[in-house]
Structures are given as C-alpha cells and as structure tokens.
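In the two complexes below, chain A is the common chain; its partner is chain B in one and chain C in the other.
Up next, the complex of A and B:
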C-alpha cells in the first residue's frame, strides 16, 4: 500500500524529528483524533475490564489487596461444579451446533438439494429469534407433564412417563444450540462457497468417490471455518443468561451465569463475582489463542475466494433425505417454538390448545396498553439497538480506516482493542461496567448511558470486523485521486469511501441491531428501574409464570425486528447476511 | 367502534368531573397538603414484590384516578431481587424508588437498621384492622400492606380433593414424585420465610425428603402456582389470593388446601425510603394503600382487606378460621442466609 504521504502520516517521520517538535505543535487534528479514539476505547474496554480484575483482588470492606475473593468464589464445591457444568454444557452445545450448522451449510452451498431457499430462510429465522423465546417455546413443547409433545405422547401410548423433559441437561443443550447454530452456518457456508472444485475434481480423477472426496478434501478445506465457528459457538453458549435462567434452575443444573446472579443478590458481593468471572475470561482467551495457533500452522491458500468453478454435488435420491434433515433442524429451531409461541400469545390458557373459546387478543392488549413497563421496554430495546448499532459502526469505521490506511502510529493497538471484547462474555462485561461506572463517583446506575456504552462495547468486534473487511476491499488509489485534486481526507471519506461502503456498513448495522435489540446477558445487571429492556421484562413475566402474556410481548418484539430487517433487506438485498464475502 | 369512541369521549369530562369532585370532597387537610406536594413532584416510583405486576399496576391506576397529576410507576420483581436492587441503589447513593412493598418484613427491619427508611404514620392507620395494624413496626417505619397466606395449591383436574395433601409434610409423600412445585428462597421473599418455617417445624429433613420428590424449582411462588394451573405439576406452594382469584374468577382448575400444621402468614410490609426522590407522593401512596379504594380492590381480588369493616369476598375464609403460623421478623433475618445456603446445597441450585 504505497500512498502519497499526507500530513497525518508525515507528522511522525522519525523519532529524532519528533523530539524537536514543541508540544503544542503536536496537537494536530489527526493526533487529536487518535487520542480521542484511544480515550473512547479506554472508556469502553480498558477501564471496565481492568476494574474487574482489580476488584477481584480487592477487599470489599476494608480495601487493600486480598486473595480472599477467590477463596470465597471457588472455596465452595457447588461453585466449582457450576464452572465444570458450564464447560460440559458448552462442549455439548458446540457438538450439536456443528451437527446442525455444517450439514445445512454444505447442503445449501454444494449440493442440488431442493428447498435451499426455505432452509436459508429457516436459518435466518433462527438468527432473528432470541434464545430465551426459543427456550419458552420449548418449555411449552416439552415441559415434562403439560408440554405438547408429552401430552400427545401420553395420550397416544397410555404411558405415564414423559417422552422428553426440557428441564434437563440435554434440554438445556438443545435450546442453547438452536439459539446459536446460525453462526456456524454463516461461517461454514461462506467457506464452502469460496473453495473451488478443482481439488475435488483431482480427487475424483484419482478414483475417490463423492463421500471420500468430501471427507478427504472438502471438509479439511473448510476446517478453519468450522473450528472458528466452534470456538465462537462455545463462547456464545457459556455466556448466555436467558436460557439457563429459564431452564437450568428447574433442571437443577447450576451454571456460571446462575452462580453469578447469586453473588449479585443480597448481600451483594461484587468482588466475589469479579473473582468468579476471571477463570471464565481466561478460558475464553485461551480458546481463541489456541484457535489462532492451530490455524497458523496450516496453510489453506486454496481458500482464496478467487477463480475456479464450483460445481454442486449431485445427491440423487439422497437429496430428499438431506432436505428432510434440514427441515428437521429448521423445525426444531424455529418452526415448532414459533408456532407454540404464537398459539400461546392468542390463547387464554396455552394448555387448552387451539379452540375458539380459547382464542383471545387480550394478551396483546395487556402487554401493549396495560402492563406498567412493556411499552417503555419496547422503546428502550429498539432505541438501544439503533443507538448501539450506529455508534458501534461509526466508531468501527473510523478505527478500521485508520488501521487499514496506517494513518496513525500504533494503529494496530486500536485494532486490537476494538476486537478484544470478543473474549468477554456479555454478563462479565456487565459486571465490569457495573463496577467501573454504576457507583459514584461516575454514578451511571439506572441510566440509558451505561446500557448504551455496554452494548456498543459488546458489538464493537462485529462492527470492526465488517468495517475492516470493507475498507480493505477499497484500493486507496481513488482516495489518492481525491487528494491530488485538492480534496481533504474527510472529503475522500465522504465522497468516495462512504458511498462505496454504504451497503457493507448497513449490512453490519443490521447484524448488530438484531442481537442488540434482544440483548439480555449484558443488560441483566445494568438495567435500572426505569431503563428496563424487553428481554428483562420477558424474563420477569416468565418468573411470574405468565406464559401467554410473555408470548404476546415476545411476538411484538419479533414483529418489530422483522420489520426493521425487512426494510433493510429491501435496500440491501436479502443476502446481506448469508452472502459470501 | 365509532359509537363506543363517541360514548367514551362524551362521558370523559363527566367522569373526570365526578371523580374530581368526589376526591376533593373526601380529602382531609393533611391529604390535601400531601397531594399538593405530590403534584409538584409529579410521580411516585413503587418497588413491589408483594403482589404480581398485574395487581400492582391496578393499584397504581386507582391511585392515579384519585390523585390526578401524579403518575404512579410500578417496578416489580421477586422479593430478594427487588431488595438487592434497592441495596445496590443505597450503596450507589442513587435511590430511585420512593417506597417498597415486600412479603418479607425482615427486609424492612434491615433497611430500618441501616437508617434507610423514613418514619411515617399514615392518617388511615386509625381505620385499619387492629390485628393487621399491630403487625407493623412499632416506630412507624413501615405499615402492614397486606396479608397473603401461603398455602398448598392442587390441580382439581388431576387430583381429587380426598387425595390432596393435608399438611406440609404430605408434600414429601412419594406419591407426589415429580409433581411438586416450589419457589427458590434466594429469589422469593415469601419462599425464604416458608423455608425457615419448615426448618423450624420439621428440621432440615423436611427438605431432604422433599428433594426425593424432585420438586420443580421456580423463582417465585407465582411461578409454582401457574405450573399447577397449567397441569405441569399437581401440587405447589402458592399464595391463597392467586388460587382464589384464578379458581373463582377465571374458573381455572385449581383449589387451596389450608395445611393443618399452619398456613404461613407473612405480613406484607410497605416502607418509605428516607432518600425517596418524591417524598410527598410516597407518603400519599402509603396512606392510599390503607384507604377505602384499595380495601375494596383487595376484597374484590379475594385478598384480606386492610380496613376494618370491609367484608371479605365470598369464598374467602376469615383469617381466624384456620391454623396460621408466622415468623418473627428478627428470626427471619437471622435464619434466612443459613437456610438459603442449605437449600442450595440440598437442591444443588
């Protein structure tokens, strides 16, 4: 990347030159911008995280250094069990997510399976459906005594014992997996779409059948994508709060997030909560480190994204079997829970099933007009989603531009900071934010600001990854042309880079808006009495056992999100999420 | 639809006028003063774990009707959760709630000892049922804002009356395996007190035996109650008022058993916070809870009215006709953390 030296870059020619510059001359706009970005990232990431670490070593009552928080956090065998349970659950979830995501990705990209669009739509539905709504749907489906599946089962077989019990380890695993396998699908299908058929052809010529080719050539080539999505899938699973709150308490399978809420109950033990989070943080960091190490040893240059023809595998009579499996996954993850949710939302009592005297719109009327906080919560959630997505994208774009164009020194530090929240589970991020900003002297408790800051941080990595890829794809020569013609850096951004990246950034905006409007894990400790988000209100409704009203409010949330996404798709084309890079 | 709108719009001024005149006519001098103060404050924020969201919202609407210009905001969560939130706010020096209503008066005592409560004796105290009035703080740091006995609920479609449990220990009978629902003492205030009561009556063995029946553990008592209503579980620990209003009003298949070894009667308590952002509105609301509107509202929902002379609804057994047990406030505080830890160890969650 040879660019015409500009003022920003030449402000730092050499060490020696810098020394001689008087301090006030160094206060040039570009340097100030760098300082500003660093300051923002310190506020968003460095301060809360270091506060978390410091707090874990601080004596809650007397101040001063101590290891006692760790003793309290891990001295009780029950607390250790919660951690090992979480790791077991995470591992099982990853296996299931791969079993769901990889075959679907392969079928949709490399085979002649029928109904590909239906499957893609189904996966997209899984992305839009918040995990806790999936969990509620499955409670209605597979509650041991009143769940639909079990009632049909006992009615048809005459047996007393339920067929399935959602309040169990495997129930927890299933519901967590269906709430997150779309990530595996997205990553792996884009990898499948990038490898050309040349190598598969070579295998065929050398006598390998379709199965052997797939096992020996195709899958090893997409391995990096599979491993990457497995790691992300694991991080997503262990950080989730809503599903365990709904399922693991009745299942009596304690996990870390539930244990953290115990430290957050009376008497509040923030220091112990901090200490308890640190090992989980280290585990996620180690996992990502291992992933990097593993992928570095392998050179997969064949996944180049260029050239080569991609032919689909002819499945023959297996194509309907494959579709059957895809349909099964879509039914488990979206169709079944969505249908029972909608049914419950329009019912007086969800157990009575579909009949005219059971049909009502009162639940919608209640959550839209009578419930004390659901309207405010809907506005807050949608507003926070918009604000968080917008700020994250803008911030990420500036950082990505500076990093990619190497406009400023130490820009790789900015890049590192921007992606670092990846390793922080949402609930732990919230504890860090609470510790750093909720209490005096900052005193942001109960404000929208603390929620917005935490949400921006949580979704900054996605924004940065998308923005950096976008900026990288634009050759600097067009901006240089602007500069030669006398335009400033900002003109170049406004007239050239901005318009070129509009679609990429808008796509990333939607990818952030959807999860941000549903976010629960980060919100649970940060909401104040008047800043509750929909996810928190939904959880409260579940705690009161108001499943029909919960279903109604959940449907309204889904409807709003679908509407926003539909507008987005209208302008971006429907492939904004599932397209290849 | 159009007719309805015209009817509503047409009658609106009359309604406002009527309630306005009635309200103004009934107001006492001190009430008027508080109302004036509350109007400048504009709103009251009420932290509730005593009732469900729906019921608390209804109380707020009645308040807003009587005191036009003062809006009432409900923040509802389960008992331990709302108490924790308040503690957090006290620690952060950012109290946002004006008053709190809970089923665990031990929380009130702790707040009082921390100096977090304001002393206030509402005017309407004089009209209260004496028994209920005397359950409150002697120094007027909190009032009794309700009594909701915890009893056993059973699903009438699935269980015959004769087979239903008769007392608490019946819940440990193996015939209820996989069929019991209870709340968690670390989330719910009243379940915390119930856990103490069971431990006092039968020792911890009660829970060891109960565990063998694999009860479904929810977060609140309302959760367990709804599990019985839907038929997910056959029997549960449940507040009497929920059972009565669901069975009598909504014809849900649920009925109450008054355990022979004593229904738990946690007096619900309401206290005003010393640093309440809206002190006048808070006092006005506290007085309103003891007023005639709420007494009638309680009675209509099969709760025990707080005012003397207001009859209980048909189908509600008067408080002195069945066995009742209470936990002394001080005991509640001393024993709670201990039973919470034991509960977690026994049930593993």
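Up next, the complex of A and C:
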C-alpha cells in the first residue's frame, strides 16, 4: 500500500481552493466580468504608462522613433544637475525623516514617556496637513527677511543677518521631511508593537544589558520596517511637487519636478518630459525591487507574527527629555506652521504681527465669496476626493474578492495591475495620463473625468491592499455557510462580507480621501482653467504673494478634512489611520 | 433510489486523485461518518456532496435526482442541505437569533413561523437565554450549538458536518458528541459526518465509512468495523491490533509455533496460500497457569514489557515456541512481572482474516 506523503496531504486544501471551479465551465458572464475589469485596469494603468514610454521614444514633430528626446532631456547639464540635486535632497530627507520618525515611534510604543497621546495626535496632524501648507507655514516662520524667527532674532540681538533661511537646501530638506515622516512613524511603531518582550528577555537572560539588547535584538527586528519606510520616504520626497515649487525656485536649487513643469510650460515639450521622467521611474522600481530582495533574504518572521506581551522601558529621568524631543518634532512639523498659518489667515498683513487692528476675517470672506475660483476649487477637491476614494474602494473590493476567492482565471494578473501604480510617482502618472488622454482624439484635457481617473489610479494600490487584507480575514466558510443554507454569492456578499468589511473599507476610504482632497502632483498637469483643484489655487496665491488669503483658504481646506476625519474617528475608532495594513 | 447515492465518485487535483471510485448509499435518516487520516479525501467527498467541489468522475444523487456529475452540478444553494463547518462560520455581524433565522428568511417564511421555529430550536440546543448575544460574546461550545441550531432549523434534506468538534477542548468535545447524537435521534436528518477521530465516529454514527488514500476501505456499523475489519488499514485505524502472518493448510491455518482450525475461525479464510489475521489485544487472556478449557489456542511464553494505562495493563507477550509477539490488554488486577512465565489464551472466534 502506498501512502501519500504528508506534504502532499497538507497541500490539498490550498489546491482545493485553486482548482475548485473548472473555470471554463463557469458562467460566461464571469468571463465578461473579467474582461471588463481588465479593460478598466488597462485604461487606468497600462495605457497611460505605455503611452509615456512610447512617447519618450517618439519624435514630437515628425513622428517615428527617436532617441532625440533623451538627448534633449539629459544633454543639458542643468537638467542633469536637477536630477542629482533631487537624489541628494531625497537622501538628506530620508535621514531627517528617520531622525524624526524612529525615536517617536519607539517612545510611543516601548517606553513610559508621558504625553504619548499628545505625540500621536501630533503625528496624526502631520498626516492631515498637506505638505505645501507646511511649506507656507515655514516660509512665514523662516523667510530670510520677514520670517517670524528672523524678526525675533533681529529684535533681540540687533543683528541684521537672518538667523535662518528657509530658501536653502536645508530648508527644502526640513520642510519635505516634516511633511512625510508620519509614514516612518506608522511603519516603525507597528513593527515595535509586534516584538514580544520575551525576545528581549531572552537576550537579557543570556547576559546582554539593555543597550546591547536594543542594538542586537530590538533594532535588527524593526530594521525591515525602517528600511521599508526609508525607501518610501525617499520616493515620497523625490516625487513631491508642492514643497519644491514653493521653496526650491527661490532657493535656486533646481530639482526634477520643477524641471518637468518647465518642459510643460510654453513651448510644450511632452516627449522630452516623458523621456526626462523615465529615469525617475526606473529609480523607483529599482529601489522597491531592492527592498523586496533584501527582505526576502533575511526571514524576519518574528515581525509578521502576533506580538506577545510587551513591557515598556522605564526611562526614569529621561522621560521628560524624550518628551521634549517629541514635542520639538511635533512643534516643527505641525504646531509652529499651523499657528503662523492661522495667524496669517486672520491678519490684514501677516508681517505686522499680532495686534487687534491687524485682526480681520476678510481673507476668509475673500476666498469663499470673492475670489474667482477658490470656492469652486474647494468643491472640486472635496468632490474629487469623494469620487476617487469611492471608485477606488469599489474597484479594489471587486478585484480583491475575485483574487482572494480565485473566482476567475489569471486573477493574480488583476492583483498585480491593481498594485502597480504604487511605483509611479504622482507627477509622472500625470504625464502619462496627459499623454494618453488629454489631447485629441480622446481630448479629456480640462475635464473632471481625467482628474478622477488619474486620482483613482494613484490611490488604487492603497485601496487594494486594504480590501485584500479585509477579504483575506474573512474565512471562506462564512460564505459557504450562506450558500449551503440557500443564498447565492451575491447574498453572501450583501449579508455577510459587506457588513463584516464595512469598517475596514470605510477606514481605507478615509485614508484615500485625505490625500486625494489635497493632491497636487497628480493634478498639476491635468487641471484645466475650469477644473482647478484647491492645491493649484493655493500655489497660484503664493505666486501672487497673497499669503494671508492663501492661509485662509488653506485653513478652510484643513477644517473640512479635519471634520471628515473626526466623523471617521467617531465611527471607526481612533487608531484606524495609524495602523499599517 | 431513496437517500443519498454516491456512485463511482472521483476528483482529481492536478495529478493526484483526492477521491477515486467512491461508492456509498446513505439511507434516509441515516447517520454516516467518513473516517480517515488527514489527506484521505473525506473532506473533498463531503464538499462534493455539498456542491462546493464538482466531481471529475461519477455522480451524486439525492432521492433519485442527480446533484453532481462531471457534466454539471446543482449549486450548493439549490441543494436544500445544510452544513456545520470546522470553523463554525457563525456570522459575527448577526446575533444568535439572526444567525439561526437566516436560512428561514431565505426560504421566505412568515415572520411568525420564523420566530416560532427559531425559538424552538434554540430551546433544543439550550441557547434560548443567549438569543440576543453576538457570537463574539459566546464560548466555543456555545458557538458550536448555534451552528448546530442554524443547520437543523431549516430541516435540511441532508446535514453535513465537517470535523465540527476539532476546535473544542477534550471535555466539551465529549459533551458535544452526545449532543449531536441527541439531535440526530430527535430530528432523524440524513447526516454525513467527517472526522479523523474514531471515538466521535463510533458514538454518533449508524455506519462508518473508513477512507484511506482517496478510496473507501470499508463501510460498516461501528461494532462490525471493530470486530470484523476487512483490511489491514481498517484493523489498525480502528482500535489497536496484532497482525499475524500464517499459511492455509487443509483445514487449519499454520502460524509460527501454533495452528488454528479453520472451522473455529469462521468466514473469510482464503482457500490456500498465505493468510494475514488481526487479533485484538482484548481478544486474548493472559494467565499464570494454563487455562485448560475447550478449543482455545494456548501458548506458553513470558511477559516482555508492561505499561499500566490506568484502567488496564498493556503487556507485550512473547511465545516460547516460534517467538511470536502479542500485545495483550489485561484488567488492573492481573499483575505480571517482566520475564515472568505466562500463558496466553486466544479466542479463535476473534481471529479475523484480513486482506493485505
């Protein structure tokens, strides 16, 4: 008698799930559904990205293949400098983000530091605050002449040279870092929460002191999270548009995104822009690929498990020092810029300082009722946020359900497509969409549709990751129980899967809505004169020097986002955004 | 034919036959267990009966109409069956009462009748006082009762149970076995129960179908499986046993050191050639002196190993002539020292020839 080896036996349930349904005998509408989903993903992802690549090799005037675009893009030393500048800036930003994010994450998860909730709230504020508003705040704080810090400095010391200048390399780095370190915090703190104290106890019992334990056990275990968030932090920094637009031009420090807008201004050189953006895309893909390789080689199993019991480190006298550092970071990233922004919003002139005759609400009146496009831009931004988040979640849920339940053939292809926009910086996605859909024959330039499509694509990976994790968490037997009692698959989705995933999907919806309502880099090349989003209007106000009005409009945007998030927190609980999927 | 008829059922996954040539007729109201080690194909068979997996050969019929065949199958929701899952699959977004009422709502019964039937079935599983609780507020045993109530309340044509007790602790498992038995005695629902635990199968089932490597080894009542196993696998999977190899001569089977007349053994002895038999440790008696009575086989030898199991002794006996080893179970009072001389008496009626 032969017996099946254990491995084959245990592999069966998996196999069962895979070949349970011979798909060719499945209903034909299922195949149509598959085709429909593929078609949607082609429109959203494959077409714009391939158009981008094709265009970079296309002769703009004559048509036909050429490498000339690359020569024009990289033949000019100034353009090459912008690329190297960007990489330098990105590296410096990563260091700063880690210096901000990792100690805060450690302090909030593993120590008895006081005021943890305050720090978490501060980090949350950094997530809600759009980077360009942080930049505006810092221009008001540390502008070379009129900045608050410099005026206080001059007043107290009598020295005329400014103390700090935000329009510099380090200014650019600081403002970029405060706008993105929350990601480091989220990743690293959830890694810290996964580490059981028993692992540290094991090192202690073998004779390692607290410092040695931290260096040899704790930090190596959170290393994957640190590396992962560093990669994301770098990619976020080099793809950001708003902060460089406000700071790097006056700082005379050209970077890639600014160079791209130059190709987009008159005369429009779309093909050169496409060619110029390909290396950035390749860098992104290479970094994410390297990160994956690195993490695969070391099996960091412990971090994926459910954390055991955790004890906090007693900091003793250092508690308040730690809190002081955290407060410093929160002040830099949220408190200071927010305060000066609000002050400016209520001032006739922000340079005059705080006094009653300087107090006004005219700025709000102006942006809400008088300015030609700001109220419409607010509506557009909020509307786009709602539409993009809703479509992305629905699409992601369908794909995730089909992929997880293996209902259709080649469903892993759908999954791959759904997460692939992750590697595309927003501004490059915008170029792809412009190239594919803006011009005739499609001619979507200046419509809400092209913006909505681009936003859905941009946020589809977040939606898919959340939806897939949600569907995976539901045991298939939950649905089989519905079916055996007489309900179809749709009944199962409506009565069981839907209600069970409501919170997960609502949380993901908010995670998309917040950045979508502020989104700038995807919008910058796609907005038309009638479809301007609020971030674009804010940048225009800054160019016009209308800092008070800008501050007022920014405050209104923040207020709306905070209100939506507050409603979300009320129904979904406090932690839904600071968790990693 | 009435009842659930499974004919030549087979299912391939890639190059492996998970189930092959499976034949079984389950009569209306009967409780049949599919018993076997993990990977033997019992869950695949159950899921084919439920309609979650289509067969690659053979068919499944219920009361004369075909449910499953390679050419096409009735989907699970149209089979009028119900199922209890390993994970219970109690919907956490619904209360106990809503969980139980779900199948009735799908059948579009009046709300008065739904209320009455949900109340009655919750009474039967002793869960009435928890009707408005959510599953997260229930213990494992209580969730199991909800699953049971939800499955029987629709009065299914067939009730399928997929290792429903494997997630419970030992005491609760014992209790729920009898609970399932009681429910079956009360409602007489045709039931198919998948398990790898022979104790569960023995207590609950009218008949047990023992499966191994995707095929059916033997279907019989629990006692018949124990007392007359037909294959080596069944003999060793149900309880413990001793295997002896012998050879058929004219009207006896010759073993190493002794022989037994065919007439004393009963049916199933091949006409010639080698024979394997199974002798249960409980079918033999160990004594300090020769027991002189009747037709029994008596062997002289000694005790080589002993373990006290709490309620019985477990001895390893070795015969002097031929050196055959036997595992023997003895009552606690029968104490033998290691290497002490002893006599072994075998009841020939409990020597069972088996196919290898």
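Assume the second predicted complex is superposed on the first by the 548 of 581 C-alpha atoms of A that agree within 3 Å, B and C clash if a C-alpha of one lies under 4 Å from a C-alpha of the other, contacts with A are read in each partner's own complex, and residues count from 1 in each chain.
In this text, a residue touches a chain if its C-beta (ideal position, glycine included) is under 8 Å from a C-beta of that chain, and two chains touch if they have at least 3 such contacts.
Since we're looking at a predicted model, the values are computed, not measured.
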item	value
Which superposed partner A:159 touches (first chain B, second chain C, both, neither)	neither
Partner chain in contact with A:202 - chain B first, chain C second, else both or neither	neither
Which of chain B and chain C A:488 touches, first, second, both or neither	second
Per-residue touch tally on chain A - higher for chain B or for chain C	B
Chain B versus chain C as contact partner of A:443, first or second or both or neither	first
Chain B versus chain C as contact partner of A:266, first or second or both or neither	first
Partner chain in contact with A:349 - chain B first, chain C second, else both or neither	first
Which superposed partner A:312 touches (first chain B, second chain C, both, neither)	neither
Partner chain A, residues of chain B touching it in the complex	45, 47, 52-54, 56-57, 60, 73-78, 80-81, 83-85, 87-89, 91-94, 96-97, 178-179, 184, 186-187, 216-220, 222-227, 229-233, 252, 344-345, 347-349
For the chain A and chain C complex, residues of the former touching the latter	1-4, 6, 8-10, 12-13, 15-16, 19-22, 25, 475, 477-478, 480-488, 491, 495-496, 499-500
Complex contact set, residues of chain A against chain B	78, 81, 143-147, 167, 248-250, 252-254, 258, 262, 264-268, 349-351, 366, 370-373, 438-440, 443, 445-446, 528-530, 540-547
Residues of chain C that touch chain A when the two form their complex	13-14, 16, 18, 38-39, 43-44, 47, 50-54, 72, 75-83, 85-87, 89, 91-93, 102-103, 106-107, 150, 154, 160, 213, 232-233
